[in-house]
């Protein structure tokens, strides 16, 4: 398969959040600011790419019956690695993302990719696929984070653009749902236009 | 020969119509509007006109340019939304905040769902809570009554419920009560609060008018007010130092406004009388819970929104009594 | 009283879906019919309580003594995945009607972060065994409350004229947002 | 059988990987945690050259632990940093580090952990508003640790009385611990 | 340090193996078989869940495809032959080829040909108008023009022509799902074989009333005169209940019938203009 | 006077009884009549005359086919012009007999005197036979063959006969006129029906907007087992389930018939027809039709032969007013709009109502605002707003479980809706579809 195509499909057409509606919890949970979204996305991307890599390496030696448990173990190990490394080197970010780092393990995107793509494709394609999906995911989280940060605290990646308070609602839970909802509407409208 | 019109029966209709009902509600809101203008003067006038104008304008713009349907901004429902939104804001709130609230009310609360009749949550309350959460400072600074010419520069103070919530941290009810406005003031509306909620009397007059016109039935307002009365009454009897008396609860905050005009919104309330009573009791209970145990001094707005969310379930499970299920031989 | 507080907190104040953002995927996907939502709630309650219990025991009796707390994530997910499969297999055999009602949701639940999330939160919050169980029940109820209410709303919206571009997932998020807004009223109640 | 074998191998490898990463990151994690604590202490009792986080005393107050760290420069005791808590916050628990000079006046206060609303309650964090500044140099024995609404001396954060009250509560608790420890 | 690694390995392997062993035995004991091919087939189907196949959803159809012996009457109109072929390959069977079809509106009762002598003012659906009365033009078989077919078409392939007051099918968009056929209360719509360049010849009327009566309501009604029937060289036309019907599978588009019709109720579409010569036109066989 | 009424729902549209108090006027014969063979619920009758035959008044021209069916008689004497399909009130063409009127030649068996025959010697069985032979059907609107209703099914007991003199539809006054002018005969008809049913007790229910009729019926019924009960004016009191509940506080079970609670309901006109059939040997060949409308010159109660064209009635009532935009066969709540005046009066025609342009057109349909008015007025305790949405989305199974089949099509919901929603249109569609589904289920 054309590697660029393979990579780019995860960005828009099969974007985990905006097209497949997967991995929604971290999407809503951590995106109080763009930077948090970015970090969460990168952590997920790492796990995605690494687990895709390993799964595609071992795909031929793993019997079908124990496929899923084996994949889970692989993914969980990488999640633990991410957890430990973040805790050690970027503790502030780890605190901000909290529960959602261990929860990468149940992000349907990760298992779904391992299962649907990496277990059937070559190592190289699998890494590209994982990176594509991961970056697509990162992109959506960053966009949502940026929107919420902009509306909610009037800042962009921590830079304060307006003085004083903005629409506090958007950094609170309801704002997460509303912002994502209207972003999806926007996506639909763009689709209408291009269709 | 004439070209006859053919249609299925019936061939005759009442002359009731949606705009007529809506304007009926508006008429019944007029006494409260008059009282508010009397107490809050220019601020009330600015907030109300901005709110109404923005609601109607947003409804028109969204229908015209985004939904591409025939605008129905003049059917009266946007006017009610605007009026009620203004009624539950402090009269000294900057006008641009009012516009944001109107956008949230009409845009998020109503048009997102497809407009009149489709929304799940009460649009005016969506607007209000949106503002309340977004601008908690501006939304909890209440102008004192009687400042005719002051708008955003009005002197502010606390609402009776706010005083109660604050005071209870270190005082008993008995010590707080002398500070809150007298019973007569609570009834007439000379106190701090959202601009339209202050006068229980004017709101009750509106309720009677709506009942007379058969716009609303008694079920929702009465069940809410009765529940609040009974629940707070029980608490008060149990510990009069910790809990204010039921009359205080009935006459303060947005309870009257909410019970009479907002919980009764057709679109977002249940369809059967039994359902209405469940809904009313639920709103009453949640209101009292929030008022007495929660972080916010007032809970009607949240209570109504929460039960707006439950309304579809109520409608699904509470059915009118069907004819002829049981046979009684008499 | 303590247990009541745990439950009220989990159901209303920090509702797992509306406030904690856990289990959003099934919340958005499996909520178009009230009956389905009720089935899903049953399944989640079942799995959530059992897995919180089992993971709690493993955590306290194996990981903590061996100082392997960092292995929480991998152990928990393994235990939960196996448990769900176990339940599925057993249910399919011994009670086909129950399987029909609940079983179809089970695969969905493995990858539901609500279950893992609650298990992790229970040990994070230093609850004891009973508290953990109550906490799991409370969160399952909270999940059910949100899911069932939401499905009622969606059933109603289904009969109304929601604009095409809002239909489906976008309106689901917006409704969830407004419900979260309403639930903010419970702040500070416990 | 091959199934079990594979699963065995996979877990084995995974465990080895995790184990090694854990071994590698154990020290950085410990240091990071230590650093956080020291940084907080550094803010509230600046200028020490010892490792206060190693000189800990623990008191049990109101059902939870309060830690007191002694900061020294050489042999001179500069003051005590008290890690205190309150459960009265708008969103539950708040943890503060309060630095006391030898005479019992507050040197400075830092927020260690909180979940208050961004934009409202989180104004108690130093740098986000001037709220915490008013405590500097005050002696709780003659500065009433309560918001003005409660007839105290503290100016509450606008629209965040609850957080302000909780903050005062935590500081009071710290002062109590400090007094007891003397 | 290495002690930690060893503990980690032991614990994880222990938990993993314990889980695996328990699962293995339980699975043995509680085994219930479900055909995995159902999932595979479902994955191939278009997932439109349109019901065009006659089953409630794609999954249901997949189940039937896997289970039933004969595939007659089993066809996914949306995916078409291509999908059926891939399902067939998947299951190692042969798919039944079906000539592509397209929906055709068999009524030509425009206001010009069928004057409206009353006005319908009920709920704007054909189903309700049909159950109420014979319609604005009085023809009990004619199109009611309220557009039920338009509403059900999931592919946006039908729209109402405001001038003729009749629905128009856009051939390129129509997937022959048949939803409109079921929706039309008057059974006006038929799925006919799709010909080259969308050419078609059909009797655009389904009125079974006697000629004079039919003609009274609509000047282009089929009056059952049998002239077309007699002229068709391929026996593609049948007469029943005062009505001619052209079987699209037998019709070879020779265009002999249309000129015969005294009421112009046979429509020819998308043909090049006829040459002047009256010799028999070459039979054009569609593919 | 203690006024009873039914307990749930109901509306009160303006009454507009323009022709109330007017005498029944016998209409001269038209030149040609068209008599459809299906004027009743059930199987159409089978034509037994041919083109060119001479027929007499009261002669059977089509014979009952099956149990739920009845005879059709010639209402005039003359020559059969055609046996063919003619347009009926629905605009569809149905089998009918067209007769050229020639003279007034009656069947000899018919007693045409005005003598009142109070007592019936016949037994129940014989009464039913006579009623079948005379082609009597319910004249209250549903045109259900009366002899079928007189047969109490096994296991059920008829306790009460209820006579429906409610006439709750606005504008219509035919039943009122009958009760005023043919009081004695109606009363005798009630006795016939009581005998036919074998019941001891009868109640006549009359709405209070006809106090003169209540008074008059009470006078003739004095001393008999027939009780006359005034009722509060409320639509649809005339619906049999509502009437039974109003009078006896018994609720006919869902999906059941009044006989399930020991009651049989007949219309006033049906009682009169039963009298004519049993005591005078006179088949059902004419009926009283109210011709009315606000712009109509001469609103009237006509005695009309079956088969007379509607256009003839309108002409006799002063001609079609220029502003007429809708012609309704029946009352404004339940009547059927006609697409042309070229249709015959049938046994079920109770009135011809002409409506002007201003009132005829429906208002613009707005979204349902869930005002609950339709739920409140539905006499059957249904939720019309929900039914309509379900019907629009073709959720017929759900409609079935919401009991759509209980709807009596009274139209109170559509009448009352402030958003002018065509509720009943969609409910009817749903009923038809649910019916289909249920039949398909039975067939499997």
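All chains are identified by letter, namely A, B, C, D, E and F, in their written order; residue positions are counted from 1 within each chain.
Simple rule for what comes next: a contact is a pair of C-beta atoms (placed from the backbone, for glycine too) under 8 Å apart; a residue touches a chain by one contact, two chains touch by 3 or more.
Bear in mind the structure is a predicted one, so any value in this text is a computation, not a measurement.
By the document's definition of touch, common neighbours of chain C and chain E comprise A, B, D, F. The fewest steps needed to get from chain D to chain F, moving only between touching chains, is 2. Just count the C-beta contacts per chain pair and the biggest one is B-F.
The distance from the centre of chain B to the centre of chain F, each centre being the mean of the chain's C-alpha atoms, comes to 49 Å.
Centres computed as Cα averages put chain C at a distance of 32 Å from chain D.
Per-chain CA centroids place chain B at a distance of 52 Å from chain E.
For chain B, residues that reach two or more other chains under the stated contact definition are 1, 4-8, 108, 114, 117-118, 130, 133, 136-137, 295, 315.
Multi-chain contact residues of chain F (touching two or more other chains) are listed as 91, 337, 339-340, 360-362, 367, 386, 422, 425, 428. Residues of chain D in contact with at least two other chains: 3, 7, 10-11, 14-15, 18, 22, 90, 120, 162.
Under the contact rule defined at the top, the touching pairs of chains are A-B, A-C, A-D, A-E, B-C, B-D, B-E, B-F, C-D, C-E, C-F, D-E, E-F.
Residues of chain D touching chain A in their complex: 2-3, 6-7, 10-11, 14-15, 17-18, 21-22, 25, 28-29, 31-33, 36, 117-120.
Residues of chain F that touch chain B in their complex: 8, 11, 13, 91, 170, 241, 245, 248-254, 256, 260-262, 320, 324-328, 330, 332-340, 353, 355, 359-363, 366-373, 375, 378-383, 385-386, 402-403, 406, 409, 411, 414-420, 422, 424-425, 428. The touching residues of chain D, counted against chain C in their complex, run 14, 18, 22, 90-91, 162.
Looking at the complex, you find that chain A touches chain D at residues 32, 58, 61-63, 65-66, 69-70, 73-74, 76-77, 80-81, 84-85, 87-89, 91, 152-153, 165-166, 168, 171-172. Per the touch definition, chain D reaches chain B in the complex via residues 90, 120, 149-151, 158-159, 161-162, 165.
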